[in-house]
Structures are given as structure tokens and as C-alpha cells.
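Please read through the structure below; I'll follow up with questions.
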């Protein structure tokens, strides 16, 4: 293979190309679907997981109350209907369903699950922290009360916080490795930690249209090449691609599809440190960075962006495109001058010690050098990044991938609100704080969209201490037999309804 | 021999204890707190503290060590902070990969190295000797990870005849097992092979000039017998020594190679858990590795007794 | 007896004169002129060493190659066509072109320039690691070997403990504790290598300690420190130098391995190891990015090894068979 | 010929009851204690040479090194030039070393191979005299000339010298501080006969010139005879016989001395071949010595008492002392020449027929 | 005394051996000729480096090649030329009909195998048979050479033997196949006089009992005088003198022999000047022209400095390589 094939490079634009859809009647119901991902699971108990990625391994086993589809729209699941009334939400449950251990699925069990999810020490505690009360209205109805607004709950109940597990196994520590109290389409039939998870379909699933294979296998391999090779060699059916694997996958004759995600690369600044408390400085940084170059380094899999989420998401301001921050070193210099920093300044940025992040950091470093800002790069592993920036607050800045939370309010609070985890400098803006409260109380998505448009405009005006670089798109690759794979914008990897051609 | 084994074993155990203490303190005294990662994506300080308390990080250091050590005696090395897996069983589940890899690599290195060294050492100064010597120098200098990359390039990318990554169990499919391991094993084997060849050459060449070889010749023994009986056994001691050293180094190399070839072995486990600050896992893996290496040293030591009867008494 | 003294003198002189020729021959080789008396001791010693080393063609070539690598690394700012961090994203991952003889990397930086600069970090890293190992290992080794007893026992056991971990595993653990970076990584390696030097120095010292000339110095009443400095050190120098050059080779490889894993030299500073790591990600599209740094590492390592071998052969004590 | 002045004043070297033990520690085993030197006493007068002979491993070197305090002394007194060395430590001991020097057996390993001979000879001067490097060099040249080498040799390395020349360098180094006493430990054993003779001649010349005293250790009895005024015979760490060379060689009082002398091959076509006495077995393990007399296991004249009691030192006619029961309690044997005795050991030496036994035969006589 | 007029057991004819050195090929054995009869002990004497070992190794083809090479001459064993013999055949003779004892008892035994094993091995190689039988034979041989408790000590390793015992074990190994010729290369040099006496005794008894021919190499003239029937003196790779019986000691026929004899310290008076030969043996790559001894010889004249000086037969089994031997009267041992 020659070096020239990938030199289309910076011309490539992020695009959307759907993966092959399910064609009715062509599937093999006894087939096995194999997915290969980069990191493994941490627990099979929805309250005991320790990473967001782990949820992926739980979706086949546990159904949640609400389902968020690939584009981010809520759909019914274990709750066939719900209504929101300001600060409370009422859910109507599906009838005649049992947990895998035979315990009936009813309102009492839902309340028990929600109470367990929001108890101290649960992974989901934070997501449900606004919930004040859960009541059983009747056998099929549950009501949830919140302190600030029930709107964000819809999305939250589509995550691990809405997953339902048989109450009879709540206290069984073995669930972490051998779950038996699931409520979803599959049960766990084999597990090799760090390398392989095997699921077998349950009989008489309540939604037979969403179950089209007999087995699913999730493999784990941290290496990009390896994952691609597995798909090429047939050891796996589907995997996600990193930029560098895109061309090889195409060359190998595999199906490649792509969709925008809610994840973005961003730099968070500690406003207590360095010169970041000055708005001009933050603005200058935004102008100094050449987002197009960054996009090129990612091979076009990260679209330049100027706000927290891509414009396609409901919580965004469609006017705030990357063009709001064109690459303009002169303007950056002027701003720095205005801030009294004619000679620039120096700071240290921690980045995740993965190759791509470091490459991006190096480009940024070169950009900033041009406007007289010296940025030192310290690569650290992902756990330490949070520790240094958010807990011990020793880092000046950090660059990482921000993955979507179930609801925009969570991320907003983390970055823009005083006391937020990713806001070690306790930066705040009264307008944003106010709009955030408003957004949480919004009854409908439309209503909330309006609020968030205002919020992000305010964020732009105040120049939040969080420099969004670009929004990622996710490419998947698969062999020609796979049907019905959807790429979820929120980066949850769900394969509900996937099928294999006969 | 048994007695020698006993003596050496008795010397190994205190060593292992000291090593265990070193491992434990090294990892626990490391800055950086796994509790932060464990407390979730956007945790509060209270949550972090709660996690810390739960994991016993707030106990006095020596007490923590004592608990860990006594548990270790019952083959209980704790559980992974992140996956909840039992450390001991994760080690066991990953052991076959690393053992397969090291075993295959060492086997390749030993067989090819000794054969090459023997051929060269029996004809010092000949063209084959010079070729082997230069080859060995180059072999020692080649970075094993680079060799791995180049082999991948040659045999997995340019001519895709071998898989570049992943592992298949020996019992699942021996042929696939071999196919998946041959590139990583070969990369790991090159340097030790060269070192062993060099050492074998040197000691065979030296031994062949020893007086007792002349004695054996003077007895009228056949050339084959002189080499096979009198030369080899004496030449073996330094070869076994470098074999031990190389085995140790090779186990270190698995960390990089497993990372490169995505083999779910101990090296990968060690590397990943070091960076996740998964203390129990790191401690367990390091302790296990140390024990493994001590075992290799022990075997090497005891084998001296076979090759060199002088040592048997000591 | 005094009467005989006169008769004895010429005999001894004759003996000495007869020896003189052969001694000189052994010193400077047949055919060369007898060294003038004014010639200093060092030159005679060095000359013998140089003659032997010169005879080892491989080692000579290796020295030249190494020298070249060092010169290129040191002079990189003067001779490299580009700065190592000159990013040109548009021309990323290009093959060899007129502007970029060896092509560019994933950020469009000139591979040739980076290779030149990388030599600095890689060589400095190796030197630092071995330097630390020398500072730690050599004095302790001499102490343990010379003094023996409890100190020796303790130090040797400490070395045993350190040797129980594969070098790279221990280095990773130390780096995990202290954070990555050239200095910490190489300090870690230095610590890991010090027991190796310690052992070699200790055993060489033990060997020299048992030599009669040490007992002779003791019997003269020479203080221990003087003995260690003037008698032991020069005599363990050859195994030490050999070991150091071999260790430099090992350190170079280890630096590369650590940088490859992202634990060594931190980008954007190029080192052969981190270039290799970066290159591997693009191996499918631009395999040469893996090939070049690997060749650089192998060449430098090979040079160190061959020089080490050459030193070993050239240092060997001159023995004269049949001369009792 | 100059004779040593003895008896008139205190001896230069006075060794009394010297004991040296080596301990070899082993894991899980009792430490192996080797008493390498046991209750050894002798005196050396100014200008006198005491020869020390014995089998390999009998403790000759250890005795020499213990006198110079190069190995720890377990018991006994060593006085050299009126100074009690055993009591000295550290700096004082180092200072005392200028009076006594040593020449070692192996001329190859006794000189630092990486130092010039000039540097080796200068070492004592720099240490004790605090001389400048230049003065030390000048003195080194003088010393080289004294031992028959030349100025041009001063900047050479040991490997450029022959064994004999090296031994001369070692002698020059030993002489640097004008010592009174030199221990020569097998100083000529590694040399060819001809070279050996030159070195012996040199040592003799220096002794007479500077009034040196030597403790001359060797296993070649002919050489010892040539250079020594008095001779001591060691066996298994003990001095079994000591006395004037003349008397010891012509009229040995200890059976072991007799064996040693009879074993020397003689090239002279004129001398009568003496009866050779062959010694049975091996030197006993010094860590596990026999009871009673150390020679008892191999002695041709062994008596019951020999197996129980260590014989005391008794004086012998013709000078010197011997530790042998034959000389004291033996059946009416005290004082009579050993040569007249009939062997009494019924178990082995005489009656045995296998070669492992002591056989008395005539060797080398005309056939 | 043995009868030397019968056909010799071994005849060395004009042997030439070279070694590769830094200075090119060096001739270390030059035209050596002598023979050994059955039941005869031939002493080969000379200073260190005179070529004694190389000569003896040549007999069994044991010269290390490289760096050595035989560049001329023949070695006749009975009627076979050992130098022309195919290796396989030579191996049948080695250790069987001709065997050898080496100079260094400490290093000539293989440290990794038991003494018994090493002796038995030689026996089985040539005589075959069961291992057990060979071990019994080994024990018997050890017993013969005077190792007490032989049947137990066959199981010992070399390091468990003292130097004297090892040398005796070497002798046992050499004798295990009842050789016709025994080559003993300085078997006693490393040993104490008392042990030396035991071994000399053993060898002379052996000759008396089995009629084995022995080449005994030493640099100690005293030993030669006591043990040997015939003496061959070597200097710088050449035979300079041969003599029968003790004639050599009464009147040497070569200045070098004279030098050796007068240098021997006598058990007589102390304190006399000891004689010595000035200078040293020349290095093999820098041999002087003419008589190789001429730079050290006190009788040197111009005739000694050039040309080839032949080994001249003088009758009575004597020969000398001295150009001036007719005019000189040399001094023997005292």
C-alpha cells in the first residue's frame, strides 16, 4: 500500500452516511453479532460501574425506562408513556414483563431500582441528585418528583440510571461479574474480563421486533489496527474507526458509515491559574488556534466547532459556528496586548497520553507560539488528568475529549457553574447560571431548546473558560452482512435491533 | 541437588518478602488517587472521600501492607478497583498468554541461539563463525519492538499471511495459537537468541581450548563424544546464566510487545493497571512477576549444580 | 661474598639488556622503532591500546558511525533543513519529496530534521541513565567489593531485590509514580541499571582485591582510600568501560521502548522512540515513518555494542606465554 | 662472609605463640574453622635469614602474612624492632609497616599491571616519606639501579618485563623505605632455575649490604639451604623443627624433616643416593586435624603417645628445637640421630606392599 | 637397564612445528628427532618454552590447529607413521597404545564428571563392555595408583581430590588400557616434593612391571638423573644434546646443558654465588641465526653465529648440537 492514498487528508470533510438498514425477512435469526471495542467493562451492576463506557456492556442485559434513539430523541421503552408536569414526571410501565430471574417487572420494582440508583455511593447518584421522591401510583405507574425540574430526567432514565434490575439480586455482589437479574433482550453467557463478553438472547422478549440475533459477542482490543484486522479477518462484524483506520477499512472493501456525535475535543482552563481569568486572554486563545489544522490532523473526523455541542443538537445556538472564531493570530496578538500581555505568557496543559491528543496539542502549541504564548505539554493518563485538574487543581489547563452527558445541564454545570467539577477556578456568569436553572425546568424539548440557545450565546459573550476545538464524528466499519447498526450521537454503543444477513 | 534446591529456596523467600514490601510501598506511595476516578465523572469531594474510606486508603500504611501480605498468603491479592475482578484470577486468566509468548520466544531463542553458537564456536575464525558473530551483534542491537513492527509490516500488511494482533488459546486451536504468536515471539526472541549465540560461541570456543578437552582427545574419544559430553556440559554454565538474564529481560519485553500486538497478557495488564492506578492489580501482577523471575533464577541456580558439581556442596 | 659482587654486576646488566629488546618488541610491535626513552608512560599504554583497537575494524567503523551520529545530533540546529516542530498540516504524511527528503510525519513535520534532532534526546537520555547508574553503582560496588562483610551483604541483597524486576517493568512503575518525561524516565532507568554496574564493579573489585599487588599495597601501609583510587579503579576500568558502552546500548533501547509507550521523551521533542511510536499509528499509510527511526536506533545501539566489544578485546591484559 | 649478629641483643623479629584461624561461614552449617597456624614461635636476628619450608598448605604463607599483620592474628605476639605489632591499629600500624616489607611469589600479580614500575616503587615513598613525585621518581631510579635494572625502565609497565625483572622491581619496592625485615614468600619459586639464581644472588648481596633480615619461605629445599642461616619446618600449621640450616639438613631430628630431605631428587653423579622415604596418604584436612602430634597419621615411627599428646618443643644437639616424642619419651631415643632408627609403625609404612603405603626403596641407583 | 638395540617403540624424525603468532609463523619445534624403546624412560628436559610440550603433543596429533601446524617430519609408532594416519585410526591409538599425562593436574580433568566416569570412559572407548565393568576397572586402577578407598572415591568429582591425587587419577586414566608408550608431561612440576617422590616411584615401578616405554618431560635435572635411561635436552625448539644414562651429568656436551647443570643449587654450603645463564630464551619469532644458544653462550665465537649447526653424533648414544664441541671441555654437575 502506498503513502499517497491517505494524502487526501485535509480535504476530507465530516459527513453523514448511514449504515445499512435492516431489511425485513433477510436476516438469520440464529446468527451471532460480534462487536469489537477498545476498552472493557467495569461491572455488570448499573450502580457499580466506574466508567461511562461500561454502560455499553449493560444495554443488552438491562432495559431502561426510556430509550434515546441514535439522533438523541426520546422513545418509550419499559415506560410505554410518560408526562412531565414542571417538577414531576409520571411514567406508565409496560405490562407482563419479568426480570430474567422471574421477578415480575412492576412499579414497586421500578421505585426500588430508582431508590437504589440514587442512593449514596451509586454510580448514578449524581445523575439523579435532583430527584426528591419516587412514588408508586399503581402497579403500572410511577411518579418521580424533582427539586428543580423534571425535564432532564427523560434522558437520564435512558442511561444506566434508568436501567432496571431485579430487586431480589440487589445485594448480591456477584452481579458485578455474573448478572442474573436483567430486564433486557439478552442474558450474559460468558465473560473474560478485559477481552470478551458473550450474550444470549432471552426467550419471549417483550419487544420481539428489536431482537433479531441469537447471540451477541463484544470483544475488547485497545489497538486500532487490531480491531480493524478483526473485522477484515471476520473475527468481528463491526467496530468503530479512528481517523487513521478509515482509509484502510475502505481499501479492505468493508462498509464504512459515519455520523456526528455529541463528543468534542476541548481545552478547559483553570481561571485561578495563569492569565486565564482575563476574558481577553481566553478570547485570544480562541482566535490563535487554527481549528482547521486540527480537523486535518484528525483526518476530517472532527469538525471545527465554537460551542459545547454541534449545531444539530437541540441544546445549541445554530449561529455559533466555528466561523465565530476564525484563525486570526493578529487579532489574538491584539487581544493579548489589550490584556497587557504584549510579551505573551506561559502555561502548562495536561493532555491525555494518547497519540491523537498529543498531536493536537502539538499543533496548538505551534499555533500559540506564533502569538507569543508558550504552552508546555504534559501528557498524563486519563485518571490523573481529572485528579490534577479538578481535584487537586494543580493543572493550568487540560485538553480532553468531552463526551456527552445524558442531559446538557449536567455538562453545563460541570464547566460553567461555580463549584462544577471541570471548573476548578470557580468561574461563573450570572446570566448562564440563571439560564441553566431555566433549562432544567423546561417541560418540552422545544421549550428547552430556546433557553439553551440563549445560554450558549451568553457563553460566547462571556468567553467561557472552555475552548471547544471541534466536534467529533464517529465512523463505523462492518462487513456486508451486518444490518441495522446505528451510530448513537451520544456515543453510547447500542445494538438494539441489529441483524445479520442470511 | 535437592539440598542445593532447599538452600536456594530458603534464600529466595526472604528476598520475596523484601520485594513484596518494595512493591507495596512503591505503588501506594505513588501520588495520584484512584478514588477520584472511582467516584464517577463529575463527583463531589465527599463522594471521593467516601470511596477512599471504603477502599481502606485511610488506614495506616503498615497495616494496609500487613493485610495485603497476609491475604496474599491465601492466594487472595484483592480485587481490581475498577473492574472488581479478582486479581489472582485475572492474573491466572492472562497467564497463558504471557507464558505462551515467553515460552515460545525462549524456545526459539534457546534452540536457534545454541545451535548457531555451537556451529560458530567449534570453528572459531571460520566464515560461518564471522557471519554468526556479526549477525549476533546486529541481533542484539535491533530494537525488539521495531522488529515487531517491521514483521507486522512485512507479514500482516504488505503480504497479509499472518495476523498482526490478538491471541487464540492453545487449547482452542493450536495452529491459530502459533500463527498469532509467531510474530511477537520472534520479535522478542531475536535479541536473546543473539546473546545466547554469542555466549555459546564464546564458551564453546573457550572450553574447546581447555586442558580437559585435550585430555579427552588424548583418550581417543571420538570428536562427537568429546563435544557432546565434555565440551557441552562445561560450556553450559555461562549459557544458562545468560539464559536466565535474558528470560528476565524478555519478560520485561512482553510489556511492550503485548501492548503493541494487543495480546491480553500479564504485561498488558501491568501496563494498563499502572496507569489506571489500579493498586491491587499492579501489586498483584508485580508480585507475581517477581516470584516468576525468582523462580527462573532459582531454576538457573540449581541447574548450575548439575553442570558444575563444585557448586552442589555450597 | 663481597669479592664476588664485582663479578656479578655485568651479569645482571647483560640480563637486563637482553630483556630490553624483547620488552620493547612486545610493547610496540616488531618492525617499529624502539620508543625513545622520553616517551611518557601513558603514550606507551595508549599506543598499545590504540594499536589493538585499530586492528578491530568493526569497532573502528562503529566509532566513526557513532561519532557521525553524535555530530549530526549536536549540529542539528545548524544542518537540519527544518525546525523539528515546524508543522505543515497540509503536507502531512507525504512520501519523499524534493523539500522533504524523507517525507513528513502526521503533522507535516520534516522527518529528516526530526531524526537529526531526535538523536539529541535519545543520546542524552541514554547518557543520563548510564551516568546515574555510574554515580550510584560504581562507588557502592567498589565499597562492597573492597570492604566486604556486612556492607557487601546488604548492598548485594539490595541489588538482588532490584534485579528481581525486569528493567522495563520497574522503570514503568517508577515513572507511574513520578510522571513521564526524559529526566524521570532516565532517572528510573539509571536506578534500574545501577545494580548491574554495581555487580560488575563489585565482582571486578573482588577480583582485583584478591590480587597480590593489593596485598602489596596494604603491606606497604597505603591508606585504603588511596588503594581504592589508585590501585583498584584503574584496574577495574576496562570491564567498567565495556559494561558502560553495553549499558549505553541497552539504555538507548530502553529509552526507545519507554518513549514508544509514551513514558519517555515527551513530544513535541522528538526522540527516536517517540517517532517510532507515532510512526506505528501510520504504519499502513506511511511505513517508512517506522523504518527510519528504527534504523537510527539500531545503528546507534550496534555502534555502542561493537565499540564495547572492541574495548573488551583491546583492554585485555598483555600476557606473554612462555615467560615465567 | 658476614654473619648475622645474634644472641648479643634482642632479636629483630620475635614471634611467640602465633595462632591464625580462618573461618568459613556457610548457610545452615557450622562454620568451618581452619587453624592455619598453631602456636608458632621463632626469632630472627638482625642480618639473619630464617628459611621456612613445608608442604603446600602447611601454613607457611599464612605465617609470613601474620607476622606482617596482613591477616588477623588470633593469638600470640609479634614484635618487630621492639614494636608489638598485634596491639597496633590503623594509622600506627601503617606507620610501623615501613620497617617490614614483603616480596611475593607471583611476579605477575604482585605488581599493579596498570601502573608503571616507577609508580609502584614510588608508592611507599609517597605514603611514608611524603616525597614529591619528582623526588620519588629519582629515588625509584636509584632503587632500580640497585637491583640491576636501568633508569629507562622506570616508565615501563610490568607486562614489558620478564618474570625475573619483575621480581627485581618487587625487591626495589620492598627496599624503598630501607626496611629492616623482609618476608620473601616463595619469591623465586615461579622463576626458571637460571633466573632464580640471579634473584637469590641479589637478595644475598642486599642482605649483606644493608644488614637485612629475611623470613625466606620456599618449598625448594636446596634453595632454602643455600640462603638460610636457620631453617624452620612446618607441618599442618605447626613448626615441627627449627634450627641451624647445617644441623637440620645434615642431621634432621624430626621424621617429617627426614622425609622432606629424602624426597629431593639429586642430579649429582657423585653423591651417594640416600634411601628415599615415601610418605603415605595426604596432608590431613586442616579444619579437622588429627589428635596428638600432627604428623602422627603419616609417621613411620608413630608411637601410642603420639596419638594422644602434642609433643613439646625440645632442644636438639647441634642447635635448634624439635617437636617430636621420639626426642623425649621415645624408648631411649632422646637425642640419638634419626637415621639410626628402625621404623616402628606396624600398620602401614614399612610392611605394606601397595604403593599407597610408605615403601622404603632405593631410587635412582644404578640398575 | 633396558635394551635399546631392539626396534624402537617410537621414532620421531625431523619434526617441525610452527605456530601462528602476531609476528607471522614462528617455528617452535625444529628438526627434533629421537626414539623411545620399550621399557625405556626417556627424559626430555629444557627451560620453559623450549618446545617440550609441543613435541609431545605432536606425537598424538594434539597440537591445536589453528594456531599450530606440523610442517615437517615423521613420527613412527612401530611401523606406522602417526602423522599420516587418518584421524579415526589415530583415535584408536590414543589412550590405548599411547597415552598421555599432562602438566596441569588441576585443569586436565573435566570438573563436570566423576573421576571414575572419566577413567572408565577411556576403557570403554577402546575395550567396550558394560559401564559397570568399566567402573570396576576404574576403581582397580585408582587403587593401583595408590588412592585409598578407591571403590568409593571413583564417585568423587575432581575438585574433591587434592593435586597429588588428581595427578594419580590422571595416571590411572592413562594406564587403564595398558599402553605401550606413556608420555608424561611434567607430571610433578606442580606438586610437592613428597608427592613428586610418590609419583616418580609409581612410574618407575610401572615401567619395571609392564615394560611400558615412557617419555618423561621435566625441567628438573635432578628428577631426570634419578629416573631416566636416556636424556634429550631441548633448547629453543631444537634438541641440543642427547645422552644415555648419567653420562650427561658427568660431562655435558653442550654449553647449554653445562649452564643448566651448574645452575642447579646444591644441598651443600650456603651463601655461595649461584651460577646462571644470562639472558632469556629467544622468542620463537626472533630466533638468532646460527646456534640458537649463541647470544647466551659464554663460548660463542663467529662460527656459532651463522649457518646451520647440525646435531652431531658423538658415539655412546650421545649427540650434541655445538659447533665447538670438539674444542671445549665442559663442567658437569657437582
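Going by the order they are written in, the chains are A, B, C, D and E; count residues from 1 in each one.
Note that contacts are C-beta pairs under 8 Å (C-beta built on N, C-alpha and C of every residue); 3 or more make two chains touch, one makes a residue touch a chain.
As the structure is a computational prediction, the values presented were derived from the model and not from experiment.
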item: Where chain A and chain B overlap in contact partners, by chain label; value: C
item: Which of D-E and A-C has more C-beta contact pairs; value: D-E
item: Chain centre separation in whole Å, for chain D relative to chain A (CA means); value: 91
item: Centre-of-Cα separation between chain D and chain C, whole angstrom; value: 46
item: Between chain B and chain D, centroid-to-centroid distance (C-alpha), Å; value: 54
item: Inter-chain centre distance, chain B versus chain C - centres from mean C-alpha coordinates, in Å; value: 25
item: For chain D, residues that touch 2 or more chains besides their own; value: 1, 162, 192, 198, 201, 204
item: Of all residues in chain A, the ones touching two or more other chains; value: 1, 225, 353
item: Two or more partner chains touched - positions in chain C; value: 1, 8, 11, 15, 19, 22, 283-284, 287, 323-324
item: Contact footprint of chain E on chain B as seen in their complex; value: 125, 209-212, 214-223, 225, 229-230, 233-234, 307-310
item: Residue ranges of chain B touching chain C (in the complex, touch as defined); value: 15, 18-19, 22, 26-27, 29-31, 134, 137-138, 140-146, 149-150, 152-153, 157, 248-253, 255-256, 259-260, 267, 270-271, 274-275, 277, 282, 286, 289-290, 293-294
item: Chain C to chain D touching residues, read off their complex; value: 1-2, 5, 8-9, 11-13, 15-16, 19-20, 22-24, 26-27, 37, 39-41, 44-45, 211-213, 215-223, 226, 230-231, 234-235, 237, 317-320, 323-324
item: Of all residues in chain C, those that touch chain B in their complex; value: 58, 157, 160-161, 163-169, 172-174, 176-177, 249, 253, 256-257, 260-261, 276, 280, 283-284, 287, 290-291, 293-294, 297-299, 301-302, 305-306, 309
item: Touch list for chain C against partner chain A, complex; value: 85-87, 89-90, 92-95, 103, 106-107, 179-180, 262, 266-268, 277-278, 281-288
